Amino acid sequence: MQITELAQLCDARPQGGDPALGIDSAADIMSAQAHQVTVLSDGKYKKYLQSCQASACFISEQLLEADIPANMTLLVCKDPEMSFLKAVGALHPEPARKRQISAQAVLADDVTLGQDVHIGPFSSIGERCRIGDNSTIEASVQIGNNVSIGNNCRIHPNAVIYDNSVIGNNVIIHAGSIIGADGFGYKYRNNQHVKVPHVGNVVIEDNVEIGANTCIDRGALGSTRIGWGSKIDNLVQLGHNNVVGRNVIICGQCGISGSCTIEDGAILAGSVGVADHVKIGSRAVVMARSGVSQNIDSGAQVWGSPAKDRKVIWRELAALAKLPELIQKIKNLENRLDKLEK
Amino acid sequence: MQITELAQLCDARPQGGDPALGIDSAADIMSAQAHQVTVLSDGKYKKYLQSCQASACFISEQLLEADIPANMTLLVCKDPEMSFLKAVGALHPEPARKRQISAQAVLADDVTLGQDVHIGPFSSIGERCRIGDNSTIEASVQIGNNVSIGNNCRIHPNAVIYDNSVIGNNVIIHAGSIIGADGFGYKYRNNQHVKVPHVGNVVIEDNVEIGANTCIDRGALGSTRIGWGSKIDNLVQLGHNNVVGRNVIICGQCGISGSCTIEDGAILAGSVGVADHVKIGSRAVVMARSGVSQNIDSGAQVWGSPAKDRKVIWRELAALAKLPELIQKIKNLENRLDKLEK
Amino acid sequence: MQITELAQLCDARPQGGDPALGIDSAADIMSAQAHQVTVLSDGKYKKYLQSCQASACFISEQLLEADIPANMTLLVCKDPEMSFLKAVGALHPEPARKRQISAQAVLADDVTLGQDVHIGPFSSIGERCRIGDNSTIEASVQIGNNVSIGNNCRIHPNAVIYDNSVIGNNVIIHAGSIIGADGFGYKYRNNQHVKVPHVGNVVIEDNVEIGANTCIDRGALGSTRIGWGSKIDNLVQLGHNNVVGRNVIICGQCGISGSCTIEDGAILAGSVGVADHVKIGSRAVVMARSGVSQNIDSGAQVWGSPAKDRKVIWRELAALAKLPELIQKIKNLENRLDKLEK
């Protein structure tokens, strides 16, 4: 694709270099070569621009500077990150794949399929399931009974969806994720743990993406729910009856026990743990590896285990680093006092 | 089901309301509606009873009170939690599923099947395997050679069971769990990590439940063993040669390195880590996110990383919170001493 | 196998006992019985030797002692651990399995297979894939398009390998692992998280072993790379664009965010977390459950969250344990000062 074409597609204005040059792929600013396009979206990477071999670079007006490589065309635009994403998509389109219902898939007789559904080999789909238009079920996806999947979804290989799950439109579920297994609940009676029946389900709203090997347990009664546009990374554990709001971000290896509420726009960084029945307020940020055992206010930024305001934790940790010398100081004070008292 | 019927089934005595009313499902006390049954098992939820719309509510003699909604039948019983579980099971029976050996499953010639075994499509079962009466192998379960599975087991889709595993009766293994992969062991020689062969196996006793995407590694020599009635949640890592006792609870995302002993009735809360060769005593409780590197006494309750008696850790954390102001206090003391010494 | 034979095979010299005796299996020194071979590789287990019932025991010259059981043949050798590993392999050979391309596997027309490849049932292999000589693809492995797998690899059941992955020779991937799912990247615009396209891939070099249910995400642009001989345990999360060097050890449940560099020979113990863009130097050791947010020097040994030199952390924790009594001490000092000032 010519630079001029790419510029037009991505709402950018070409400046300098040879805009007639062809671009065949995208790369980051530290590794881009001739015939590649890159992006400078953050001032701290400016130092790499001068030696960068890319033929084109998305850049904002704000970061524009005189001193650019002669062979590079700048693609000046309002939002270089988004223009670059568009370019990546255009330069690296996913190859078209044959869409079909595999002869090696097993579908119950009463499955309802929308238009242009793809079902890969070794997938099974249970009774009364519905799959919407343009949805793709990859190989070896096992879907129980009475599951509803919306339009334009993509379920990657070896995902498992238990009975009665409800999945909206434009949902991506990566390989190996388990939607709707029983929650972890027992009552201890007569020297044994008696299983709490889990008769609820999982509801996943539109535009949710779920990473690989993540587990979302069904509700005991009622639903475990993932709200519109929320994004969940790999190897996350989401227990029974959690309610996750809209546009929530849950990073890799987080564990949310059960019956929690994670409000809209909250961000849980990697490996965060949340105890039962906790509410995390909207737009709250829980920093990596925190353990949350109490409610978190909207907009709060917390850290540590148990999690507190992150500034408080920083202060505590800074103080802790001084503690060994403090102990010596106190000994000195005692000695001085001993002398004075004598 | 009529309330009177339900009462009889669940060992409860109906009181008040209209016991002839039909109940069609169960719900928790905060969301239950007419024609639903709920439970009040904990006094702290008593406040929800007055406004609750449920037609029936299990309750103990102890929590009985005069002031109950007119439309509600109380179901007075000794153990409301257990009566409610029974009601949930009765009101939400799992739909009967056709039981068969799928034509799309691959079984070695010498597999021994008990009576009424179900094997779903895309499952493979290796040589010399035995599967007991009434056991259910769901879709796409891959079972190696010489595996024994008892009666009344249920292995959910996409679970993998490696060679020589021994699984008792009434065992549930949820989707995506991996039983018997090689443990993580190497010897470093001549600039490379040489793999330690793993020729042991995994033994799972009766009444164990294992969550989704959990990994239980085989023994290097000898067995990794999960004792009678123990319950293991999702995404747990259980390394080689661990011996887990009876009725142990291991919550989500715990990681037990290897050659550990977890004695009967111990409880490991979420995301607990345990180092190699550690013994956790019977009925010990390890609180969430703790890191255990030394043996834990029976009945102890520990927390933190490294884990200590939980009261000790609480005291340390409370002290740490005061540390920043303490540093100021010490400065003041120094100043006062300076003055006195002059 | 006779002891003399075993000795010859494993470069050991038999001494004492009856070297004509047969050995049928291997066991550790605490449980070995007659007709078993064991090893004494560490002086701290010497106390078990006297009562050990094993018929043979690998031992170094250094640990040799007069006082050995009469029925035991010592197998004196330079490297007892390695000799024992060899013996375990010889005594417990993996049973030969029929090698074939299963009739229940689905291969694209243009797949290239080396000699003696095994492909289990319910595996699918996409277009333009290449699989090298003697490689084994177990049951229900799902491989996308344009994937290259080298010689002598073993891919266990239910692993998933996304498009364009490149896997070297002698690579083992355990069950349920996901190679090449999209990384976790979004840009927040107009009240929604816009997905960053992931058009890179995963490259795994020779002699790598990857545990069960581990996730290795593809690069956004460019590759996520696992270097020669590195070993990765179960349930590990390796995010997009990480570069892992040679002979690196990553233990269970570690989480490496993205764009990190883990240099040759580094060791990450269990449940370590690493933030984005961090470099961990060669041969550095990160102790269990640490959270690494800044670069770690080569050869450093760090611990804690945030991770620091492990001696510094030990000192801080030791000081913290004294903190509650320190607070009392400071109160006493204040009282004494009060008196003096009066």
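The first chain written gets the first letter, and so on, giving A, B and C; residue counts start at 1 in each chain.
What we mean here is this: contacts are C-beta pairs under 8 Å (C-beta built on N, C-alpha and C of every residue); 3 or more make two chains touch, one makes a residue touch a chain.
The shown structure was predicted, so the numbers you read here are calculated from the model rather than taken from an experiment.
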Inset, instruction - Would you kindly give the rotation angle relating subunit B to subunit C, two copies of one sequence, based on a CA superposition and rounded to a multiple of 5 degrees? - result: 120
Legend entry - Copy pair subunit A, subunit C: interface residue numbering same or different (half cut): different
Legend entry - Whole-Å gap separating subunit A and subunit C, where each centre is the average of the chain's CA atoms: 26
Legend entry - Sequence positions of subunit B contacting 2 or more other chains: 104, 122, 140, 158, 176, 213, 235, 253, 271, 320, 323, 326, 330, 333, 337, 340
Legend entry - subunit A residues within the subunit C interface of the complex: 26-28, 31, 79, 81-82, 85, 88-89, 92, 95, 97, 102, 104, 120-122, 138-140, 156-158, 174-176, 207, 209, 211-213, 229, 231, 233-235, 247, 249, 251-253, 270-271, 288-289, 317, 320-321, 323-324, 326-327, 330, 333-334, 337, 340-341
Inset, instruction - Within their complex, state which residues of subunit C touch subunit A. - result: 104, 106, 122, 124, 140, 142, 145, 158, 160, 162, 176, 178, 181-182, 184, 186-189, 191-197, 199, 213, 215, 217, 221-222, 235, 237, 239, 253, 255, 257, 271, 273, 275, 291, 293, 305-306, 312, 315-316, 318-320, 322-323, 326, 329-330, 333, 336-337, 340
